[in-house]
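Below: one structure in structure tokens.
Per-chain numbering from 1; labels A, B, C and D assigned in written order.
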Amino acid sequence: NLQADLQALNFSIHQADDPPLFTPVPKPTMVPCHWKHADIMENLDRIGRDIKLEHGSVRRTLRLGNPGLEYGTTPTIWASIQFINPGEVATAHRHTASALRFIMHGKGANTIVDGEQYQMNEGDLVFTPNGAWHDHEHLGDEPMIWLDVLDISLVRSLEAVFYEGSDAPRQPVLNNPQASFSEYGSGIMRPTYPSRLERPNPLLAYPKARMEDAIHNAAMLEPDPHDDTILEFSNPLTGGPANPTIGTFFQRLRPGISLKPHRHTGSSVYHVVRGNGQTVVDDDVFEWAQGDFFSVPPWAKHAHANRSDSDDCLLFQVNDFPVMKTLGLWREETDV
Amino acid sequence: NLQADLQALNFSIHQADDPPLFTPVPKPTMVPCHWKHADIMENLDRIGRDIKLEHGSVRRTLRLGNPGLEYGTTPTIWASIQFINPGEVATAHRHTASALRFIMHGKGANTIVDGEQYQMNEGDLVFTPNGAWHDHEHLGDEPMIWLDVLDISLVRSLEAVFYEGSDAPRQPVLNNPQASFSEYGSGIMRPTYPSRLERPNPLLAYPKARMEDAIHNAAMLEPDPHDDTILEFSNPLTGGPANPTIGTFFQRLRPGISLKPHRHTGSSVYHVVRGNGQTVVDDDVFEWAQGDFFSVPPWAKHAHANRSDSDDCLLFQVNDFPVMKTLGLWREETDV
Amino acid sequence: NLQADLQALNFSIHQADDPPLFTPVPKPTMVPCHWKHADIMENLDRIGRDIKLEHGSVRRTLRLGNPGLEYGTTPTIWASIQFINPGEVATAHRHTASALRFIMHGKGANTIVDGEQYQMNEGDLVFTPNGAWHDHEHLGDEPMIWLDVLDISLVRSLEAVFYEGSDAPRQPVLNNPQASFSEYGSGIMRPTYPSRLERPNPLLAYPKARMEDAIHNAAMLEPDPHDDTILEFSNPLTGGPANPTIGTFFQRLRPGISLKPHRHTGSSVYHVVRGNGQTVVDDDVFEWAQGDFFSVPPWAKHAHANRSDSDDCLLFQVNDFPVMKTLGLWREETDV
Amino acid sequence: NLQADLQALNFSIHQADDPPLFTPVPKPTMVPCHWKHADIMENLDRIGRDIKLEHGSVRRTLRLGNPGLEYGTTPTIWASIQFINPGEVATAHRHTASALRFIMHGKGANTIVDGEQYQMNEGDLVFTPNGAWHDHEHLGDEPMIWLDVLDISLVRSLEAVFYEGSDAPRQPVLNNPQASFSEYGSGIMRPTYPSRLERPNPLLAYPKARMEDAIHNAAMLEPDPHDDTILEFSNPLTGGPANPTIGTFFQRLRPGISLKPHRHTGSSVYHVVRGNGQTVVDDDVFEWAQGDFFSVPPWAKHAHANRSDSDDCLLFQVNDFPVMKTLGLWREETDV
């Protein structure tokens, strides 16, 4: 038997009934998904009751999955929603997967990343880059909720997962606890010496106020036919993406706008920061509101609309576009 | 039931019996493999007898697989060995997967890549970059054998597979059929105008004679404790890798040398161009000879040795190191 | 006669009494200079009385010169102080020399640069890059004074001076009159499309408020032993200098600080924005106060001090350091 | 007296009779020059008789000057022709000015640059980069003649001249005396580790044979209307110019070709390696032959022609185009 003989030697040949290796366009198994705010809150609450937290090592975390994927929110990204009670600590550790935290609700937590300490309040975005030690503690009085995003699916498919824990629950803090923000936080003035940090982007924290200013100014720009007003968090040292493997976008949809559909490579997860709208993703129609999430698979046709005639919609988006662009795999179809 | 409820909403939570998402170091499912020259030749012959070639669309191609992977030679790369009879034509097509061809045996084929036409004879290396139209025809008198490598597993895991065929079996050839080689082939002199090509590396063909010269000169260098003399095919426009996603190395092991083991992220496939040697990969010991192939999984400890006291070994290696380095996922342990 | 014969054929040979072509360290003819605020104001007033302004083509401009140079403030840079009456217009023109304007006093002028329109008020910094059309008009009620800086001496020594005037006094303004500020002004969020502008730095205007914020945050940094707290205006697209040929620094000296001397290649012009201090430049001691200017020649040893025990000094510096660094000619001696 | 008062305070104002600071296009004082082979040889011989060489510190060197410049061959470059007798040594030294040597005649000299040792024979090009220690010795039997080029005029105008001599006449040679050539000489294969050298271009020597190959292959290219076939010596690590401040071109003019005139910023010195031709530079017509030199000022209109109907002309050109391009001052007019 040819097949068996070949297999015994770790050979194979193309068979007529093999799934096609090459397709004219991407045919991902990931499907579009929509998570509603009420479902998120209810299930966060439910798992909170079921889970006994011990040693800070188990977390009240709701992962956003996909029926077409064995694991992960998209082929590259895992997003989850985390509920944090006052006093909770996440002990120091590091990993090759890049991560970020976008604060959905509450205030008073602080994180230490590579020895720098930043507050995390509603609307803030904090990165924990590949290889950076990180820990956090919730010092506030009320529970917080945030979005955790990791490119762990990407790092797993490339078989480069490293993880290291620390004996100390929290890292010692540098003399200047916000050194790199002092150096690069303005984005338009910088030290006269070269960056002293190994990480590609020195800047760890992007505060809400700075993001709101930027979006406000960007409203003057020619609107994008597919995305209205959209900005990418960037690396002040290079002008490139804030993280080399996870794209982070913030987007404003004007009242009443219905945007044109497009499709492109790369996968996305959207979080509705404010407003009510609709996104059509291939054959699915998602009617979303504040606090919702939805995901868009690679090469899926998608079009957004703001359903209100009076209020803006604000969307925070994470994606793997930097990977696609760096590897030369970005493709876009604007007229679909 | 919590699990079912969560699953219905595309949520999940961490379960005690989940396979661990994070591991201290990579734990790939890929295992080391070894393919012997005689097995390759016998099975190429065997499938040649079984397969009816029609319209050039089916090929006598032996894929190198891995028992730990659903498909592919490594988590990112597919290598296969192709047997080409005189007169055979591969019709023009293009795809987002990057590819290369290393000629193992024979002469007389020519390929057209983006309108440029190059001979393919034993020892030559030819790239068909992401998005480049390519076709070839074997105009010689004797069968040829070459190695085909694609990063299709990478492109599939990123869901960016595009494929397009052409109605014409072969592309029209440019007025200057080796334009980019005329411009960039010397590597140390170049046109005074910026590159007119969209592809990251203008240079498509790396002829055997140039490679042999380079390896000869590199023998003067301080030997690498893990790799003896090793060079990477490079992009004369940037000094970076010849292809953005597939690393291509050529390596010489001095007579009698036993190299130190090391381990690193990224996966490799080696082809023995000349000589007899041994490579230990974790718990496997591969005794290899000319015409063999073997593969090294991510983070596997490996050490090479030349088993001859009089003759060099020459190894051609393909890997995904450019991806690992570009994405910040390269890690190496030199003392293992 | 050998000399005459050689000269007739455009040959020459080294003569014993030639000035030395090579010196162990730079021996510039430029000398340190100091201009006092009162002298500037008095002479601005004096030339204002003498000069009949016609068609906006002659300007009340006091050039800062150097007794060791045929022209220019330093070997590369011309700085001048300009007095502008309400209603004055500078008609549209462009040149290869890069320029900038730092507003020393007053408010109400606006400039159009490449079709973008920006206000110019005290403390603002506006660039008119190489090749950019620019004009301005003073729409305010009171006279203004600003600092004009050009790298015209550099461009002259490289024989690349181009100048073009326009028939129209002022340029038409773009629909979005601050387009590039809307895109890149935040420095940490940017459009998702590549820059659409040819100029190396899209950002033309650096408002006072943003600069003050940055300096305030930088005060947390480890002080520089030679410069205390110092930041460079940067290009948000590249992380490099705001202008490719003119460096622009803003510096704060703590009350009472006496900094260590150093020397380096490149030449500088300093403007005292606030405070009282002293700078020793080789054998010169400059006691400066608000509104003063002083210049530091290449490789001159210099050390700054704040003479007040209670108030900060703020210095705005222009220099040619980007040229020195780009061309590999930056050298520094920190222990002098 | 206003002028005197201003001058006393290092102020100046624009005067009606000042030479214009800005001109519509460059108006260099440099004029086109032509040096004939016979004049070079005669005067090399003549100064050889007059000059007593002592301690290797004085050299038989004929500088190419310009009647419009106080010193230098162009505003940035000094070229000179050097006659070297067997046994002569140039003792080790280094300087910030970049230099190169193009061997016009003879063989047998060797140079040590940063510890690497290279032969210098007719047609070879060797760089001594900014800051690199260099020395040489003529070990052959017959006199040699070579072209020396330095960007000393550029470095002087930027006031960054540093010079350091060594007590030892010659440097010790590295274990691998051609280490960087072993690493980067092929231009299309390179070490797998990052460059270990501080200098921007690791490659010091460009042998004649490699250059001839490159020019031969480039003859297939679409001819340039102004330069026929022209290549630039490049940095294999970056694809940029071989030296960051001195451009080095090699050019072939087909038999009988009369090229179109153009003009551009930057200044050039040409050496006729082979053939007979004509170059019109503004109002000058230079009829040149093998061994001649001629210079082209910035923005001068120039057009080359090969005067032979049967033989190629080969021209070696040095220029400051990399400086002009790096600083954004490159301008070209192709239709003049």
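Following the convention adopted for this analysis, contacts are C-beta pairs under 8 Å (C-beta built on N, C-alpha and C of every residue); 3 or more make two chains touch, one makes a residue touch a chain.
Owing to the predicted nature of the structure, the values given are computational and were not obtained by experimental measurement.
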item: Other chains in touch with both subunit A and subunit C; value: none
item: Inter-chain centre distance, subunit B versus subunit D - centres from mean C-alpha coordinates, in Å; value: 42
item: Centre-of-Cα separation between subunit B and subunit A, whole angstrom; value: 32
item: Subunit B and subunit C, separation of their C-alpha mean positions in angstrom; value: 53
item: Subunit B: positions in contact with at least two other chains; value: none
item: Topology of the chain contact graph, where touching chains are joined (line, ring, star, complete, other); value: ring
item: Residues of subunit C that touch subunit D when the two form their complex; value: 2, 5-7, 9-14, 21-28, 30, 33, 35, 39, 43, 46-47, 50-51, 58-59, 61-67, 71, 75-76, 95-97, 130-131, 152, 154-164, 200, 244-245, 265, 267, 297-299, 320, 323-324, 326-329, 331
item: Subunit A residues within the subunit C interface of the complex; value: 175-176, 178-179, 181-183, 185-192, 203, 206, 210-211, 213-215, 217-222, 224, 227, 230-239, 242, 249-250
